[in-house]
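Before any comments, here is the structure.
Labels A, B and C are assigned to the chains in the order they are written; within every chain, residues are numbered from 1.
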Amino acid sequence: MHIDLTDQYRHSESLIHHLDPRVKVVVTLIFILAVGLIRDGSWIAFGALFLGILGYAAASRLGMFYAVRRSIIAIPFLLAAAPLPFIISGPALISFPALNLTITETGTIRFVSIMIRTFIAVQAGILLSATTPFPGLVWGMCSLRIPRPLVAVIAFMYRYIFVLADEAIRLMRARAARSPEIPGKGKPSFIWRGRVTGSMVGSLFLRSLDRSERVYGAMASRGYDGEMRTYSTFHMRGSDWVSLIVFSLLILGSLSLMFLR
Amino acid sequence: MLFSPTPLHIPDGFLSIGVSIVGWFLAVIFIGIALRQTKDQLGERQVPLMGILAAFIFAAQAINFPIAAGTSGHLLGGTLAAIVLGPWAGTLVMTAVIAVQALLFQDGGLLVMGWNIMNMGVITAFSGFAVYMLVARLLGTTTRSRLIGGFIGAWVSVVISAIAAAIELAISGTSPLHLGLPAMAGVHALIGLGEAVITVGAIGLLQASRPQVLTTGETAPGRRSAVFTLIGLLVALGVSAFSPLASAHPDGLEFIAELQGFLGLAQDSSYELMPDYTLPFLSDPVLTTILAVAVGTLVVFGLVWFIARTSVQRGTIGE
Amino acid sequence: MHHTLDIQNLHFSYPDGRKALRGVSLFINPGEKTALVGPNGSGKSTLLLHLNGILRGEGEVHVCGKELTEDSLRQIRASVGLVFQDPDDQLFSQSVYEDVAFGPLYMDLPKDEVAQKVRQALEAVGMAGSEPRVPHHLSEGEKKRVAIATVLSMDPEVLALDEPTAGLDPRGRRELIQLLRGLPQTMLVATHDMRMVAELFDRTVIIDEGKVVADGPTAQVLAEPHLLEMHGLEAP
């Protein structure tokens, strides 16, 4: 797995970046919900939402195709939907009588619709994390009434993935340094390799466990009593409310386009 | 950046809204219970421990395990997390991982996260842990039984999780069950081997350097409920998967012939093929039946679990 | 009894049976800067962890005149600023501001007072204006300084630091030594950095195998090479 652990956040002085993070989180969720509600084959509605993505990316001064570029990656899951054009009953598009297979119009519409939904939804997520620094996302989660302890766990996790990923990389480098390819000797067995990987995982676990104990000690040293205390540095301004309403209306408007036939 | 350790991170668009809502409903329940259980179990350490171990799982998922010809396997980690922390803490840890992966890296969707949490968090943690404990009960708590239990548990957890995902996709009308289920189950039977081997390697290391860690997990809250949960989940999944399959499961060629024959009738007769591929409106009787059965079973199971929990003495450790 | 540390006959064993402290007694006077030196595994870090009750052993610990008990823990933790060896353990929040504000926040101070304390603490360590920065973007030296700020914001009377110069490049080390020189608090600093000991600390305590084996003016202690060698140390 390749983790691009550079921050997903891209700074820029745009109106979108300055929006209260809660607005961005809520708008993204409404958007993805709308994407899910659009009926198969409502190309106009899909198009409207896609234009919204492009506009949002442009308004964020990230470049109109920022999210589009980053979403063109093979999704193994598309294979799961691949049989659809062959399976769903409906008027036939292309027939392969020799193979007893028919691609139907309905099936193709369904498949393409799913593909579009996925791409647009992913792009919405990309724009959210690009325009909202993580503490803002955390605050957004709090405002969605996600339980505080869970938000705190997620915040801690984010803080330490970089540290632990470094340790994981060091373990992998150490393993690579000790695993030369010796011509003539066969490669070590699957089982052996698995166990080495497992040992690395196990030792990373122990290091993490010990670190969590030290971090807890540091928290206790500064008076931690188990209750999450936060203060917000975010305040909803008039412009935030206006943006929230405007974006929501635009999304609902695009959604309603699906009734155009 | 849409690489996943296993193809279990369902993206947005692949599950219908109705199915997604059911997934969130269940996830919220399980997360709520997990929060309370881990608070009881860990006290003030809850947040830093769960958070850092979630980061651990995330980092551990990145460690690659070269299989062959450039492909690598990776750990998913639900079973391992449950083994060392108990199933509820394991669930919570995996939830954090799945949430961050979806939010930041678009690895898994936001609307469908409910089911991703259920599949990769709840189902893996509980089924893997239940198998691990069952093996320990059968063979005694020895090093060998832990390794065997960990191996089978990890493998089972991945396969069951994949089957669940296939069923969710089928109910949503995205992937036909008779193709999706064998494909998912088959692929993950292989991936599960990787998970099993890595999990065993980790348990082995822990057994050698700090065995107390393993005993802590084995006495964590949730051991009994894990077995109940596993059984309940299997029942629910089985019932919901097979309920519309009134007739025998058709094989490949037979199926295609039936499909061509049913072209005109397909809109209405929907009982034999699962699922019938009219567009999946919730008004379709097949789908509502399946959903109702699935939800109903899970709710009943949930009630059973609650009753079982309140009648078990709280705070007992060395059971 | 302000600004003092009083440890009497402290014994401590780890859960696995290892005896880490065997009857340590120590009294640190107000404003005194004391170095705690000894080989690895001698009990330096373990001793520091007793100062604010993270570890509890047998024997008495009095911090600024108050005895360390279950009830006085919160008060004492505000009086002793414990700075860990790895700053990543200490910087666990989403931003520098949140980390430095953590202590005052949990002391239930009002918001503007919290902000003021954060500003003052960051200024004292030479990191003024770094409130919005993210911990994993800081350099090692910056992290160490912010870590000190996270305890300074609680206005402690005593500072206890574990290996403050470990892992720093020469410039970072120089900056840190300057910083410590300027802080007025009573200090107990565990370290291997003998040159810093000679430069900064009036008093040096050698601890080995959980016991205090030497305690006196730095110049005196460091002038005995046999003593130093016997306990795994070297003269600067």
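Just so it is clear, contacts are C-beta pairs under 8 Å (C-beta built on N, C-alpha and C of every residue); 3 or more make two chains touch, one makes a residue touch a chain.
The model shown is predicted, which means the values in this text are computed figures rather than measured ones.
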| item | value |
| --- | --- |
| Mutual neighbours - chains that touch chain A and chain C alike | none |
| Taking each chain's C-alpha mean as its centre, the one farthest from chain B | C |
| Pair of chains whose C-beta contact count is the highest in the structure | A-B |
| Cα-centroid distance, chain A relative to chain C, in whole angstrom | 42 |
| Where chain A and chain B are represented by their mean Cα positions, the distance between them in whole Å | 20 |
| Inter-centroid spacing, chain C versus chain B (mean Cα positions, whole Å) | 46 |
| Residues of chain B whose C-beta touches two or more other chains | 48 |
| Residues of chain C whose C-beta touches two or more other chains | 92 |
| Multi-chain contact sites of chain A, meaning residues that touch two or more partners | 134, 155-156, 158-160, 163, 211, 215, 219-220, 224-225 |
| Residues of chain B defined as touching chain A within the complex | 1-5, 7, 10-14, 16-17, 20, 31-32, 35, 39, 43-56, 58-67, 72-75, 80, 84, 92, 95-97, 99-100, 102-106, 109-111, 169, 173-176, 179-180, 183-184, 194, 197-206, 209-210, 213, 253, 256-257, 259-260, 262-263, 266-267, 277-279 |
| For the chain A and chain C complex, residues of the former touching the latter | 134-135, 138, 155-156, 158-160, 162-163, 211, 214-215, 217-225, 229, 231 |
| Chain B partner contacts - residues on chain A that touch it in the complex | 1-4, 8, 28-29, 32-33, 35-37, 39-40, 70-71, 73-77, 80-81, 83-84, 87-89, 100-102, 106-107, 110, 114-118, 121-122, 125-126, 128-129, 134, 137, 147, 149-150, 152-161, 163-165, 167-168, 171-172, 190-191, 193-206, 208-209, 211-213, 215-216, 219-220, 224-226, 228 |
| Residues of chain C defined as touching chain A within the complex | 49, 52, 54, 74, 77-78, 80, 82, 84, 86, 88-90, 92-95, 98, 101-103, 105-107, 111, 114, 135-136, 150-151, 154 |
